[in-house]
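Structures follow.
Here come two complexes built around chain A, the first alongside chain B, the second alongside chain C.
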Partner chain A sequence: MGFQFDISFFVYEIGIAIQYIPVVLLLSIVPLMVGLLLGTGIAIIRLFKVRALAQLFTIVVVFLRGVPLLLQLTILYLTVTLSFDSLAQTLDLNMTSKDISYTLIAVIGLSINATVYLSEVIRAALQSVNSGQYEAAYSIGMTSLQMLKRIVIPQALPVAIPLIGSNLIGLIKGSAIASLISVVEIINGTLFEANGNYKFLEAYLAAAIIYWALCILVERIVAFLETRVGVYGKGGVV
Partner chain B sequence: MENIFLLSLFIDCFPKLLSRLHITLYIVVIALLFGMLLGTYIAVVRLYKVPVLSQLATAYVSFIRGIPILVLLYIVYIGLPLVIGAFGVNINRWDTMIFVMIAYVVNTAAFLSEIIRSAVAGVDLGQTEAAYSVGMTRLQTFRRIIAPQAIQIGIPALGNTIVSLLKDTSLAYTLGVIDVIGVIKAISSNTYRSLEAYAAAAFIFFILSSILEQCFNIISRKLGIKGTISGQG
Partner chain C sequence: MIVVKGLCKSFGKQEVLKGIDLTVEKGEVVVLLGPSGSGKTTFLRCLNFLERPDAGEITIGDTHVDCKSVTKNEILQIRRNTAMVFQLYNLFKNKTALENVMEGLVTPRKIPKIEAEEISRKILKKVGLGAKHDAYPSQLSGGQQQRVGIARALALNPEVILFDEPTSALDPELVGEVLAVMKKVAKEGLTMIVVTHEISFARDIASKVIFIDGGVIVEQGTAEEVLFHPKEERTRQFLKRILPASDYSI
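What follows is the complex of A and B.
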């Protein structure tokens, strides 16, 4: 038996995979935004050592960072589907667990995951700014908002941007795991087409090409942004 | 309302899950060992800009780092028998574990090669020149000057990669490997419940990655390295 690879079906599958790019973006961009927002909150709470909350979030972040995304998503999925029916009954909702969108569960799960990692990124970025910078800004009479806008953020961004970029790549690749809780994204979408002819290799390779293209795109955007925000980091004297 | 979480079952799951822990650790150790070998080779090829091989290595690293490990597992599992079958060798009967190992080695090698490459590139060129100027040979320069500094740069990223690798092994079950995750299916078909088993697995993975992180913290402190932030993926 020679090596059998159906090029035309592979090209067809790439077309199918492209159609599912919006689902991947939904599963990665939305968690990124949620993660940036909530992550900043958690980072600030932990940096300023807000009582009780800081300890709580430290435990949550440390725990979730040690648990594979697959388990986070599966546990969330099982908890929601198992508790939804009785919850809907008590609330008199005319819904069962079969009506819940798997995509929504995946988006929530990935958002929780992104929040955990991005809170660490933002914490590190804020910590990278020397405390003398804060003191200097206050000493010349800047308000907290002015200090953040003019002093802290311009110095923290060059640290944060590459890390946010690698987290976005992590989320794009992590969205593949959503296929295991029956979300129809690139993998399940292309596999569905291959169910009739068993050409699964073509399906997986097409999915791989699209994931690769998305990751390269993100890398390029990050590299571009880095040159833009890096202007403050240039050494030398004026 | 029926109970969605049974604490007694959660505790009962631990012995069953831990009895398959060696499979998970086996995958991690093999992937690290062979990944380090292949990764070093790729890094050397790229650092010395060996023609053709260097471009191939760059494409390999970019591709592997750009695709989800789940996709890579299936490409190796389905694709390798086809490719090798084209040369007239039938490997369809190989143990699934071999394909899983190959996938994780291929994946880990790409990530480790990047760490080694950027660690060596991170050592100032002046260090090499200074070593040459005092008459050190190439090997001496690498062993006494470059390697100690590169290790300092590379250790935190290496720690993160190993923790990610450990968490990534949770996907090996998709090919039918009965590791810590794979055994959950057996538990849930006996008890008709799976949430407890998944929670127990999450706990085991948390403990394992904490141990790994602590080990690397100790190594970093011994080497005098400041901490870094772990990434995803």
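What follows is the complex of A and C.
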């Protein structure tokens, strides 16, 4: 018996994969939002060299950037599950590690990862704004907050948006790693269906197509946003 | 009135300003001259705390500060009493000419938008850019950008406008239009401190010329005195380098 590609099973698996898109979005959009929020805070703290905090975050960022996402997630997963039972016991909670949502652990892990990368993205975008802009803002009597809101962020956005977009694509693809800590997302969902008939190629291909479609969609949205921000006159993005 | 006493500023071990004393009366136009690296820019930047002086006292209008114990609020107060025109214009790139002029009124001073726009339109007209309200900086020539820079400063109605070599980044044919605007506002009685090597401007407009070298005031007096009858050898050496021979012999 030679190799046979089961088209109808493949189509069926695409349908299954589509059902898990919300899980992928949860695993990527929430970390993106958390990352944007915390990352902006960290970037500003590092940029304005806030004492102690700036150094602390620099060390954390450099450390986490150097560890693969796969390891970050599994280490977080193991730490939480292994320490949870004894922690629950001492706190007299009627829970065991079985009750923790693996999805939540994955969301937290991906959020940490996104925060690290986005803090660097936002720092680079803020630094791309010429120091003369900061000085002019101060010279007309703006406070630091007014300057950020009115001058710096609007100019940093055109630089940041494509980078944020590629980070989101990274998060969508990175969410696949959550399958290794038992989160049922696109990969585990489609593989589960193939367990009985061993048609794993169809399952993996269906998953791949959906990831690809999601990433294309994000790219389109980013391209659209890029045309909407930062066209200051005919010189284009300046 | 502006009074500066004993202003000092170092960068690391390098002492850039070594105790500057200066009094500028209301409506005076003071021209600062000096070789490159003598501390002219640093002095202007200290006056509005873009650079934090190490020591000295600054009085601008009703705000008096001791640089050693200056508070955030006092810095904001001083900045709102001064305006600066930069060598490289530093117009807000994300704002049109009109928005650039309005920004200092609307955001820090909370003047209603309609009123701010009216003021700003008038001032843009005064600097000859009535037709360029909606242009972004990238669509303007250097001379036009600098005139917007002057308009932005004028809109704030400050005690003093600080000019840091406002024409030195311009193509020669654009210098005239900017100097003309500066002369116009000087004649309206604005207090100005101007770093420039445009001797004609100093000769025609300055009520006082100050020569700075090595972080100290070497010589000061009227334009006539300092430019054409300098007492100090260092001033003479400097003028010989920047003045065309014919000018100097007048």
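Things to note:
Rule of thumb we're sticking to: the second predicted complex is superposed on the first by the 227 of 238 C-alpha atoms of A that agree within 3 Å, B and C clash if a C-alpha of one lies under 4 Å from a C-alpha of the other, contacts with A are read in each partner's own complex, and residues count from 1 in each chain.
Everything below uses one rule, namely that a contact is a pair of C-beta atoms (placed from the backbone, for glycine too) under 8 Å apart; a residue touches a chain by one contact, two chains touch by 3 or more.
What you are looking at is a predicted structure, and each value in this text was computed from that prediction instead of being measured.
Model built by superposing both complexes on chain A: chain B and chain C fit together without a clash. Of the two partners chain B and chain C, more chain A residues are in touch with B. In the superposition on chain A, A:4 makes contact with chain B only, while chain C stays out of contact range.
Look at A:99: by the touch rule set out above, it reaches neither chain B nor chain C.
Once the two complexes are laid over each other on the shared chain, residue contacts for A:133 go to chain C alone; chain B is not touched. Of the two partner chains placed by superposition, only chain B is touched by A:67; chain C is not.
Within the superposed three-chain model, A:215 lies in touch with chain B and out of touch with chain C [touch as defined at top]. Within the superposed three-chain model, A:154 lies in touch with chain C and out of touch with chain B [touch as defined at top]. Here the vertex is the CA centre of chain A, and the angle it makes with the centres of chain B and chain C is 100 degrees, a multiple of 10.
Taking every C-alpha atom of chain B against every C-alpha atom of chain C, the smallest gap after superposition is 21 Å. Overlap of the chain B and chain C contact sets on chain A: empty, with no shared residue.
Chain C meets chain A in the complex at residues 48-50, 76, 79-80, 82-84, 86, 88, 90-94, 103-104, 107-109, 135-139, 152, 156. Per the touch definition, chain A reaches chain C in the complex via residues 130, 132-133, 135-143, 146, 150-151, 154-155, 230, 232-235, 238.
For chain A in complex with chain B, the touching residues are 1-5, 62-63, 65-72, 74-75, 78-79, 82-83, 86, 113-114, 117, 120-121, 124, 163, 166-167, 169-171, 173-177, 179-180, 187, 200-201, 204-205, 207-208, 211-216. Chain B makes touch with chain A in their complex at residues 1-2, 4, 62-63, 65-72, 74-75, 78-79, 82-83, 85-86, 163, 167-168, 170-171, 174, 181, 194-195, 198-199, 201-202, 205-210, 213, 228-233.
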